[in-house]
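Going in written order, the chains are labelled A, B, C, D and E, and every chain counts its residues from 1.
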Amino acid sequence: MLKIINGEVYDPLNGINGGIKEICIRDGKIVDEVPNTAKIIDASNLVVMPGGIDIHSHISGLKVNAGRGLRPEDHRRMVIPKTRITRSGTGYTIPSTFATGYLYTKLGYTTVMEAAVPPIGARHTHEELNDTPMIDKGCYIVLGNNEFILRYLQKGEYEKARDYTAWLLNATKGYAIKIVNPGGVENWKYGQDVSGLDDKVNHFDVTPRQILTALAQINQDLHLPHGVHIHCNNLGVPGNYRTTLETLHALEGKRVHLTHVQFHSYGGENWSGFASKAPEIAEYLNQHPHATIDVGQIIFGDTTTMTADGPWQYRLHKISEKKWYNSDVELESGCGIVPYVYKEKNFVNAIQWAIGLELFLLIKNPWQVFMSTDHPNGGPFIFYPYIIRLLMDKNFRDEMTKRVHKRVLKDTVLPHITREYSLYEIAIITRAGPAKALGLTHKGHLGVGADADIVLYPKLENKEEMFERPVYVLKEGEVILQEGQILKDWTGKTIFVELPENKAFQNEIRDDFEKYYTVEFSNYPTGLETFARYESVKVSI
Amino acid sequence: MSQSKFILITGRTTKQGTTIHVGKESPEFVEETSTVEMNEADMKRKNLQDGDLILVKSEYGRAILKCKKSDIPEGLIFLAYGLPVSSLIGTDTQSIGMPDSKGLEVEIEKYGENK
Amino acid sequence: MILLKLKEKYDIPIEAEVISPDIFFDKTHTELCGLPLYYGNKEKKLGEVFEVEGEKSDQIYLEGDLSKIKKIGFGMSRGKISIKGNVGLHLGAFMKGGEIFVEGDVDSWVGAEMTGGFIRIKGNAGNRVGGIYRGTTVGMNRGTIIVEGNAGYEVGSFMRRGLIVILGNVGDFTGSYMIAGTIFVFGTLGARTGAGMRRGTIVTFNPVSLLPTFKYDTTYTPDFLRVYFHFLKKQGISIKEEYLKGPYRRYHGDISELGKGEILEFAA
Amino acid sequence: MEINGVFIEDTYAEAFTMQASRVLITALNEKWALEAARSMTGFATSVIGCGGEAGIEGIETQETPDGRPGVNVLLFGTSKKNLQGQLIQRIGQSVMTSPTSACFNNLEGEEWVSVGGKLRFFGDGFQISKVIDAAINGHRERRFWRIPVMDGEFLVEDKFGIKSAVGGGNFFIMGEQVEITLEAAERAVDAMKKISGVIMPFPGGIVRSGSKVGSKYKFLIASSNTAFCPTIRKQVPSQVPDGVNSVLEIVIDGMTPEAIEAAMKVGIQAACIPGIKKISAGNYGGKLGKYHFYLRKILE
Amino acid sequence: MEKISDVTCLFCGVTCDDLEVFVEGDTIKEVKNACILGKATFMNHKADVAIPRIKGKETSIEACIEASAEILSQSHFPLIYGLASTECNAQRKAIELADLIGASIDTTSSVCHSPSLQAIQTVGDSTCTLGEIKNRADLLVFWGCNPAEAHPRHFTRYSVTPKGYFVPRGKKDRQVILVDVRKTPSAKAADQFIQIRPGSDYEVLTAMRALLKGEELEVEEVGGVPISTLKSLLEKLKTCKFGSIHWGMGLTMSRGKHMNVMALLLLARDLNRFTKVVASPMRGHGNVVGIATVLTWQTGYPFAVNLSRGFPQYNPGEFSSVDLLARREADAALIIAADAFANFPRAAAEHLSRIPTIAIDAKESMTTKIATVVIPTAQAGISAPGLAYRMDHIPIPVKKVVDSPYPSDQEVLKRIIEKVRSKLQNRV
């Protein structure tokens, strides 16, 4: 039992904006009151927030681990020595599993969603997540190029596509549906891509538009807690904002989350004409509350880009001439990895940087836009406090704007935006908003019944310092970090959805499965015995 | 290449892979991992018959092995992974961890011939 | 000046990146003796392993069989380290500036991924002189390494800038995948010299067997060579008169890559 | 003051600041080093009409960077930009074109200008850069460019040092007739050539058409130094004394004022031969240049 | 007799998971679907089982664990090696132990595909899971590998013969080319066999890259192969729809090693300018991909990891076993599920008999013969369940089919960790 007193509380889901409020904790949950015998944390001069929630990050899975394997030179830049409590690790852009847990905790994040898991790699993802301590976690299952889905849609069998999705989410212990470059990744398997929503997918008589609308409908019909999570077609391509807007139009009325929209808000017909179309995207979102986004802010410096979007990664490899890893995943997805350096004086990179900030600042409703760097694609997540400072501190932002390539000053609206985020708004984009969008009802807030995942930040003028130095981090009511030191090697839970089982349907897919997969049907699903700790979110259809 | 120099190719064989489960000291495994495959012409040249014992010498070690005719190219000999292979290879990994396990230059003589 | 004498020879390697002018220059004798070294998985103090004389200097002298001492001069940017005896792995790796002199042999990765400075070895060196650590694709970037004895494999692999001079023989893959820079080998070369090189120069004074991806261009005496010879003479390296005169066969390659590298082979 | 009966006027030569560079040209032999040097220093008498001022300083006596015979050329310009342009043009047109040549910077400059770095583009993508490090003994890093040309390669240094130096040191030799004046001037030049750090940029080191600033014609920035022209000495305020029928000027550009002084000293001394009446110097009343070389002081 | 279905075989990297195993009590009676190697693995599971002993004297497992913990907690520069023939949970524990005692941890990759891993770390790889090859590959090239003897079911499950979605006629829709220095039994499955001179892989591959760029070479042949043959091979690779190149230890163990593999990876990469081409290492003895995978997620590096400083450092050539032993640096060794003594060059292996060596293995081996402590365990995949990784990094659950009197590798390591931890704490 624990009571946090005297803290300045930011709990947007409960409308609390900086008021002094006591927080009582019992059995890992927030409760109305605790007896006087409860331990007390005096949070005078501290800011109290729910633990951070990352709605989109690449921390675990075949691709992440392939990225680790590809970049020993990156790991040498940051080593994390073992302590009596914690394990050692490495990694600057792709931290090892233990390091990932510790580093997120050191920022006050307590829940992180791995954003792209090919189903056949789900078991691997969960095994890795078991070794990712401290945080709760879940994963999104990529479906936009799944050949079962493509075949069902080709034959017009929507119900089968829906039942397959339900089966697959159960089998993989996923939390949400992810779409990555629908159709494009399938085409990449023969070295091609799609260029828009109405291109045909090779060998399957369907279009990206059909895939998107069907999966959004399935998402709706299965009553999944999170909207369909989309990485649009044409990522990174100049002029792609049109595809992004078309995607949003096509899915109007459905719950959708577009991810790393920074990479999808580009104007211009070629690289020399590269321009920001963030205002257009923001304007659309300001009119259409059905959609949420995360930004995918870029951070100047080295990083490792990794995505299921194989064709884009091949293009990026050709642009950057850096090493290239590609692995296509049978019947399901793909994966590409390319190291990349974002440079302040490179005008495309500078404008990308500005676009991210414009999205944060021009989208009026903070419940629609969430913090992300699309870790590690835009940069490592450890830079979130830096982004917070850019959002909260106009002067700091202006300084940076003057440092980067001058086309940012000349060609973007960023220098003219005066908005500064409040702590309340920061609490929305880093915890309350993602929790709401994810349908994680017991997270992202400090109301009674919520998980007691709580972080206490020092009140500092420099917001970057404030958010990288939590004084306390509590997980399920336990103090796991104090003054930068990890006190407990906490095992977090893996969160997944649990849909009603449909035994009859399994026989439907078994035949094709056995013909085209290379693993046995019975060995494919991830069983509950895999998990160190888990929490299933039951969904009734 | 002088008459007695050969390139040693090492590798797996089905028999090596099956007999290993019987035991590393089982006669089957020992037999398989100490039998050298040679080209017929090479054997003729060295006056060797199937089953003859040969002394194989490398810069790092030596082994007495049995020879056997196969369709391996001239100048090459093949030996399945096992203790004899290990006794012939050196420890220089050129700082990458992997010793020179294939393509090693060895000398062969009929066992007992030069005594 | 600071003098370090190794007290006893070790079998277990010691990581000693603290032995660097950047760290030593402002340390008192007591502070020096207390600096940590890593003896396998245990920490030892500099003063336990070495007899330490002097303080507060960026001129360091080392004596003893240091063949198990790793990372001396790691990342140093100034001053001078002089060593009498054999030295272990990673001497002067990631070095930025300053000078290292060794009277003895050194192990592998001497000057690996360095970005400046000068290293001179009287004896032999191991593999990857001025080379890379695994994963790196842009290696040595400025600086000079002179090895008076032989060197091992992958000398100057992935090198981006700088000069490596080996007076003895080298192993395979010298200058492999080099991006630019200059390598002189006065002894013999192993196989696959310049494999995958994009730009850069490898100069050899013995016949070299080349990959099929190198093509002969011409026989001439490039003026820049004499500039290098002049520089080397100033370092006290004697250059045969005939080398100054040339001529040299020029091959370009590796045409499986950009192909703008060159191998100059003394042709007289 | 008189030397060998030649009157030394109590005046001063007024000189001004210029930017200077020292270019070392090497070649297969001295002949071809000199050919390139002569070509490079051709048409470089005065910044008024030539873009730059240049002369051969002398044969390099130290070992050159490539060990071949070398000739030093001093090139002066009015500004950093002007001098860089002159270096690029003259090295590009006169040294690069000259068989077997190579071209090095030979001046530890106050500032550095890119020369080889610009000329390299002539290599059409096949130019190769070579860097000699430098970290040793704190020397400066030296980058060279190798440009493929028809006789092999043209080697040129990437950056050339420039420093502020002195242009326009001068003295006048006033004689009874032109033959004797010319002989005195030649003797002066021969003596001055032994001094390093100076050049006499005019033909044979001698200028007969001394100039003054300005003209009656608005489109001219300089015109004949009428005060020293014997034929019109009664029509203008003249400085030509009676008995003097010919005046020659020696103009000196030097790396340092000291070098100029040294050169003027030996030059004037050599010029004082029978038949010479007077040695004077040109100045603008001290308004133009910051250097004032008083003849009598130099000769003391 | 009990029938257990969909059993996974841990012998090689093909990691077949469709075996049917028939058991009676603790005896395996029959194995179906397995290849000859897999069958031998299961049928001989009782042969040559190891005996717990210290310095040759038979004793209890508990005593062995205690002795091991004592050795490891005393050591200054211990080496943990092997881990191929076990499952991932044991591998996890081995890394935890290495982290705890500050050991170097290395795997059988070190003397197998470590050059491939190093090549991939340098240039990347265009690859795929095996199902992609099964469903799409119309051109297969096997370079320096002999699947017929090392990965027997690769041809039938994934590459040569299976009918795939886009290659419905199986073998008829595919072309198979084998490149090697000798005609191995795998040549029978190939449409074309290209024989190259030993030690010339790099030359041949790099020449192909140059030819692919449109360069002409000034030689008639490379590595004994006429240029015309290389050109026609390239033509096939450029014009196929989905080409799949597989390589083995013919590249990794021959002169050039990692550079040979790099040349192959770069060739495959370059071919993607024309069509889809992937390249995949023929990995695996056992679950060697598993240990590389787990090590990578826990430390960032796949093998040759040193933890003596309290954080991971990676350097093949420094922390790889052969080097550590040849330099006589390791002062204690823990060999898990691998026969280091038999597989290492003699001069390196001999150091194992000079230092205290602990062998954890289901079977007797050359290493158990010289080990100070021998701890027999239940064989993973037969008597211990868990997780394994296929050569294409796909995770496959591993079943237990019969009981063993011995604890699993995971269990033994867990107990060693507990003992070491208390010893270290007592000492502090």
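A few notes on this one:
Just so it is clear, a contact is a pair of C-beta atoms (placed from the backbone, for glycine too) under 8 Å apart; a residue touches a chain by one contact, two chains touch by 3 or more.
What you are looking at is a predicted structure, and each value in this text was computed from that prediction instead of being measured.
Shared contact partners of chain A and chain E are C.
When the partners of chain A are compared with those of chain D, the chains appearing in both lists are C.
Centroid analysis (C-alpha atoms only) places D farthest from chain A. Looking at B-E and A-C side by side, the one with more C-beta contacts is B-E.
If each chain is reduced to the average of its C-alpha atoms, the one that sits nearest the average of all protein C-alpha atoms is C. Chain B and chain C have Cα centroids lying 39 Å from one another. Inter-chain spacing, taken between the CA centroids of chain C and chain D, is 45 Å. For this pair, chain C with chain E, the centres built from the Cα atoms lie 34 Å apart.
Chain centres here are Cα means. That of chain A falls 56 Å from that of chain B. Contacts with at least two other chains are made by residues 94-95 of chain B.
For chain E, residues that reach two or more other chains under the stated contact definition are 118, 121-123, 255, 307, 309, 314, 316-318. The chain pairs satisfying the stated touch condition come to A-C, A-E, B-C, B-E, C-D, C-E. Residues of chain A touching chain C in their complex: 70-74, 76, 322-323.
Chain C makes touch with chain D in their complex at residues 97-99, 116-118, 142-144, 161-163, 180, 182, 199, 201, 220-224, 226-231, 235, 244, 260, 262. Those residues of chain D that touch chain C in the complex are listed here as 26, 63-68, 102, 126, 128-133, 135-136, 141, 144, 146, 152-153, 155. On the chain B side of its complex with chain C, the touching residues are 94-95.
If you check the complex, the residues on chain E that touch chain C are 75-78, 101-103, 118, 121-123, 202-203, 206-207, 209-210, 213, 215, 217-219, 222, 255-256, 259, 262-263, 266, 307-309, 314-318, 328-329, 331.
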